[in-house]
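Take a look at the structures listed below.
You will see two complexes here that share chain A, one where it goes with chain B and one where it goes with chain C.
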Partner chain A sequence: MTETTPTTLPAQSPPADPAGTAKARLSWWRGDGGEGAKRNLGLLATLAVLVVIGVLTRPDLYGDASWVWGNTLTILKLASVVGVVTVGMTFVIIGGGIDLSVGAIVALAGVWCTTVATQSYGAGGMIFSALTVGLAVGVVNGLLISYGRLVPFIATLAMMVAARGLAAEISDKQTQVSNNQFINGIASTDVLGIPLLVYILAAVVLAGWVLLNRTTFGRTVAVGGNPEAARLAGINVRRHTLLLYALSGLCCGIAAIMLTAQATSAQAAMANLYELDAIAAAIIGGTLLSGGRGTIIGSLLGVVIFSTITNLFAINGLSTEAQNMVKGGIIVAAVLVQQVQFGSLTQFLARNRATTT
Partner chain B sequence: MTTQGRDLSRRRLLFGGAALGAGALLAGCTSNEQAPTAAQTKAAATGGNNEPGKKVTIGFSAPAADHGWIAAITNNAKAQAGAYPDVELKSVEAGADAAAQRAALSTLLSQKPDVIVLLPHDGKELNAFGLEAMKAGIPVVNLDRAFPDAKAYRLQIKGDNYGMGVAAATFIAEQLKAKGVSNPVIGEIAGIDSLELTQERSKGFADTLAQYGLKVANRRAAEFTADSGQQAATGLFQALPRIDAVWNHDDDQGIGVLAAVNQANRKEFLMVGGAGSKKAMEDIKADNTVLKATVTYSPSMASSAISLARLIGQGKGMSDLVELQVPKEIVLASETITKENASDYLKLGF
Partner chain C sequence: MSAPADAVAGEVVLRLTDVVKTFPGVRALDGVQLEVRAGEVHCLLGQNGAGKSTLIKVLAGVHRPDSGELEWRGRPAAFANPQAAMRAGIATIYQELDLVEDLSVAENAFLGHEPGRLGFVRRGHTARRTRQILARLGHPEIPPGRLVRHLPAAGKQIVSMARALSHEARLIIMDEPSAVLAHDEVGNLFRIIRELTAQGIAVIYISHRLEEIREIGDRVTVLKDGRTTAANLPARDTPTRDLVARMTGRTIEYVFPDRPADAPPRPELLRVDGLTRHGEFADVSLTVRAGEIVGIAGLVGSGRSELLETIYGARRSQAGTVRMGGRTLRPGSVGAAVKAGMGMAPEERKSQALLLGEPIYRNVTLATFGRYARLGFTDAGRERAAAGRMAAALDLRPRDVRRPVRTLSGGNQQKVVVGRWLLGDTRLLLLDEPTRGVDVGARAELYQVVRELAARGVGVLLVSSEVPEVLGLADRVLVMREGRVVREAPAGDLDENTVLDLVMAGSLMEGAPA
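So, the complex of A and B:
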């Protein structure tokens, strides 16, 4: 991503701060990769604190090992749908955009795949239509943003309203029950003691990680950090942007199948405010809102932290309002951390420039 | 260059063709031919109040919420208006929130209907509109969500939210007593927590349970949607390893709650629903799920509101009552539907 290694500069510049540059090269831990790892360790520590709070408040439940295992799986199942959406969202945000329409796409794909006509084609038809609808809406988003030159915020906001409207139109505002045993079974089947939903989440996260870190496409996702530089580097920025939104749409299609399976039904109001959950999780996970930086693992940890909080409030019988306030506080804290880091980054760059001139 | 161009165009053709094909296939999939639920109307009998009278124009507005109950409200109102030859219904979409509904209603007001029937997004927020319309001489029939100001409406017809809680708690308490469960664990899955109706339902539930010496062990709020119901129920099951009874406020979100019951494989408790959807009644009748009863909050009130609005417009009273005018407030009773009477109520399910 940021391949501007300061080590190449000292050749022309006076060795004003040799200790500093040496330090930058000294260890991976202090460098670019270490920053993500440190943040992920911080997230794991937060997760551990949440678990400790759970143990302290409900020792009766945490005393039972089988309950703890079942609860862990429940937290992961709760995280699975938003997790899949967040993987797509992470790509879009790293690419310098934002996708406010994800919740609406999930609802539209869910409603579309549970119409009477689609259900008559069986599970295959339902999965096909959910994935295709998600992908198609993502492509429309991408076209509007990359070739129509709309601001991502506006384009996806419009899509959020329009897709929910279309979903309400198709479903006639009714809850559509899924009668397909295979689809419903996705949420209730365990393989080797682990729910299928968790495998799907793991597969999507793994695919996202490989795509982001081990392919040329992933290496160039960070165009969001500086689109002009990316264009000059010979990257087809427009097509690239289009693909990012298509990817987000596809993730929503997968999430729609999972959510439909969980609720054994779909309706236009489903997946309410998932866009905020996904954006918040990505930001907590260290994805820069201005683009150019972020990790899949961080986003996954962000989602798991949120679902652990939901679980913690549920087992303690606390209200949803209190829970939302805590979530809001955590988002603010995460952005503050980002701000501090970002501030230090600009400082670092400024210092570097001063030494070269 | 040219070969590459041709290659590219062929690839485009293939992709384009595939996209078109998928699109055509998908468009075919939106058809949604379900057996329509019969609207809950009262057939116009001959004689008395049902004799066609003065032509009445009724303005109607209800939120465009994506919820089975609201959809049934609008359908019922339209169907009931259609059953009267002397009623013309002018329906305006109320949009997504109170502000949008206020805008829609002001255009309705300028068309000067004889009566306005409205289900407000929020009674408090649209109180001012009620006052304005009444001042302009147009009687307002408030459907379900009360205006705080008595001068803002001519008639208020609503369901009994507190009574729903009472009915659900009574059923649960009696069932548990009959089973002889000591120290029962009772869970509650509420609807949207910020709505007054949810608070009233929960208060009725808690008050009545207290009379039996019982209390709610854990209460989770959902959002009236199936997916939120599934999540709330899953949380509830994690918090309570053993449950004796659950009251779920809404049958639409109950689809998700029942899904969560199956996924968690928890069958040790009895569940009571709310509102009275057709699917819930069928489940109760079949008696093969944990759902043993539901307490009604029937959207048939929209049909009644149109009938009463017509009488108000024609200056008539309700024929079974002595008074010459329609009463000012009507609160429907919340009825308990169990396996025994489910067949009778099935036609009222939405």
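So, the complex of A and C:
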């Protein structure tokens, strides 16, 4: 091919100059998402405001440093399970889809890994079965959407109903108690004063960030905003769609183990409405519902903001109802802010294109 | 011909004087004159991009002219929106019929102005009036309650006309109405048009088929580059040569790079045999040699873009084969085509080729980022370096590859798409309307890039609705009409008029008595 390339055009194989590689290595950690970083600063500011409200309403509690540390860990622990699910959800939404079945997958995986038969294989068997069930359900979702050409909303809505049904069938609508001390210990163990659940969340977030921002897989996820362009560039969009839902299912499997450990039991109704929490957190975190844009860190901040609000209401002894109203308001406010920032420009361009025929 | 000879003597209902309409970067209308009389069929003729669509939209109240006068039934008029134009009595039947598929015939006919009482739609009354209008159109057999979805294309067109009549339209604009119709249905359309004009309704008729214009038209106005180049020519007696001449002979001369002197023939790169997709194109065979630029001329709807996308595997062929370097490609697989060395710059740059919010370098490396990666980990630094070299080679402006692609001009966006394939092992470049939305200066640069690529052995298959572009850039030209290749010749053996004649010849009317 080299001889057919114009001389003025650069060589097509990447050069092996050491200076460039060193520079490249430096740039490995420097993200490209300037917009994303700005949005995340906004989310941190929101978080700060929430903390200030906490300080103002309960100065007595915030005067105690050890209480503050403990409360921070409580918030993070509260965020951990939904956080893991949200990482998977973020991938799916950036890839141009949606996964309504995450709560149901968590329930199915939780119930499956706590049956008497599974528990007889010990902790390893339980973890393996939860991850496998989550992955398998995700693959089914992915197959229906990528090769069955179902709309993601419909496919995962059907899966949401079906997986909960299967979970109820398996558990016979009973609460299945986990007798495995290792599994139950996951929720009660602290390492260096920090709960193990928080480590798991951190690990999943880190893995998700690397996967999205530094791998070829992540690059193909990011073209979710324009799958047609990706397809015409020769990218196998279907296979990547399948992998996205498989990834979401795997995250649900991890979350199922965490949630089962917290409750020391599993039942068909567990992880109720997690799909909405995860979608809401991703949206607040700046993920565009139409795909193509979003960050893992933003989604994590979204989850933490939600659990901080829950915590704020709890320490002030307020009702969950009021809490939910505030959450709803925050979702609307977050989306409105984003539309002002980015929507105006893209709409302007779209309008121009529409009129110049 | 049955059209009354004195129709032209009707009063002037519409008069446009020096109408100008600009969009950012484009002067779509640049001094349009138009005079339409009651009871006449006034034909608008012009190449793609001549401004016909914009003119229709000005008349329909979609766009407001920047300057110039619009006189409607003797008074200056300005339509604030499509509803206002409708109320004034101007109805437009767009090429893509704007009917609601899941509403009934009657509901579509009276959409937006349903006869009602106290907020309730008078369904019986609506149905009755629809039936009357359909009878007036000679189609009493269409049931007003039938869903539009279940009607054939010709029936849908009747419903569009019924909608126009439900508004008591004095002027009906028809944008290529025959494009969706079969042969015998065109005769019926003409019969209806004659009945409408006999009732004093004026019709603006747009078509690329000269034979149709001769049969149904009274007078012709020709547009070119947004200007009226000839007004009120007699539709039946003006020689075809004259009409075509008024449509061409552009004011802007494009600069095309010189063709190389006779080069030794290079090996064949692409061979397409009997490629067919029903309803789009049939039995197309062509070849492209290494270093050769092959151009396809044809109108929108001639099947040229569909053909290109099928060769590329973005659409699956129903018959025929595509071979690259002697190896047959799997139909319907873009991956296989790219692996075999094809790359495409699709027609709709923004929706089909670019990730507008992503930085330039990510768009440039979209097809190749895998080869800058190690063990599945991408390397943004090396990608940026490669994209930067490509940006320098193509003289991309701005040079900073971290800027989002949406901030670039059309010409530079196209360079990004071309650069994407140059980074890969692309041996054959498929270009679909490469200069759409690209200004004149940038066009010359793009032509230069394409010619330079060919000189280095890359094969190019080029589709364009601009005939001068195909003739000026390509070595060999294929003319397509209604899904078939009707002529193949070296570009030097063809001129613009010949190609336009071929492109627009009304195969529908072939064999009909002249």
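Note that in this section the second predicted complex is superposed on the first by the 313 of 357 C-alpha atoms of A that agree within 3 Å, B and C clash if a C-alpha of one lies under 4 Å from a C-alpha of the other, contacts with A are read in each partner's own complex, and residues count from 1 in each chain.
Keep in mind that, in the parts below, a contact is a pair of C-beta atoms (placed from the backbone, for glycine too) under 8 Å apart; a residue touches a chain by one contact, two chains touch by 3 or more.
The structure presented is a predicted model; accordingly, all values stated were derived computationally and were not measured.
J.: I'd like to know which partner A:V177 touches here: chain B for first, chain C for second, both or neither.
T.: In the superposed model, A:V177 contacts chain B only, not chain C.
J.: Would you sort A:T72 into first (chain B), second (chain C), both or neither based on which partner it touches?
T.: In the superposition, A:T72 touches no partner, neither chain B nor chain C.
J.: Which partner does A:N40 contact after superposing on A: first (chain B), second (chain C), both, neither?
T.: Neither partner.
J.: Counting only touches as set out at the top, which of chain B and chain C does A:R293 meet: first, second, both, neither?
T.: second
J.: Touch test for A:R231: chain B only (first), chain C only (second), both, or neither?
T.: A:R231: touches chain C, not chain B.
J.: Between chain B (first) and chain C (second), which does A:T215 come into contact with in this model arrangement: first, second, both, or neither?
T.: Second partner only, chain C.
J.: Can you list the chain C residues touching chain A in their complex?
T.: Touch residues, chain C against chain A: 23-26, 28, 53-54, 63, 290, 312, 314, 334-335, 337-339, 344, 346, 350-359, 362, 366-367, 369-373, 376-382, 384-386, 389-390, 392-394, 402, 406, 420, 422-425, 427, 437, 452-453, 455-458.
J.: Which part of chain B faces chain A closely enough to touch in the complex?
T.: Residue list for chain B touching chain A: 19, 22-23, 25-26, 28-34, 64-68, 70-71, 193, 217-221, 223-231, 234-236, 238-239, 241, 252, 255-256, 258-260, 262-263, 279.
J.: What residues on chain A touch chain C, complex-wise?
T.: Of all residues in chain A, those touching chain C are 1, 3-10, 12-15, 20-21, 23-28, 32, 214-219, 222-223, 225-226, 228-236, 292-293, 345-346, 349, 352-353, 355-357.
J.: Please name which positions on chain A make contact with chain B in the complex.
T.: Those in contact with chain B are residues 61, 64, 67, 70-71, 74, 77-78, 112-113, 115-118, 121, 125, 129, 132-133, 136, 164, 167-168, 170-177, 184, 187-188, 259, 262-272, 310-311, 313-317, 319-321.
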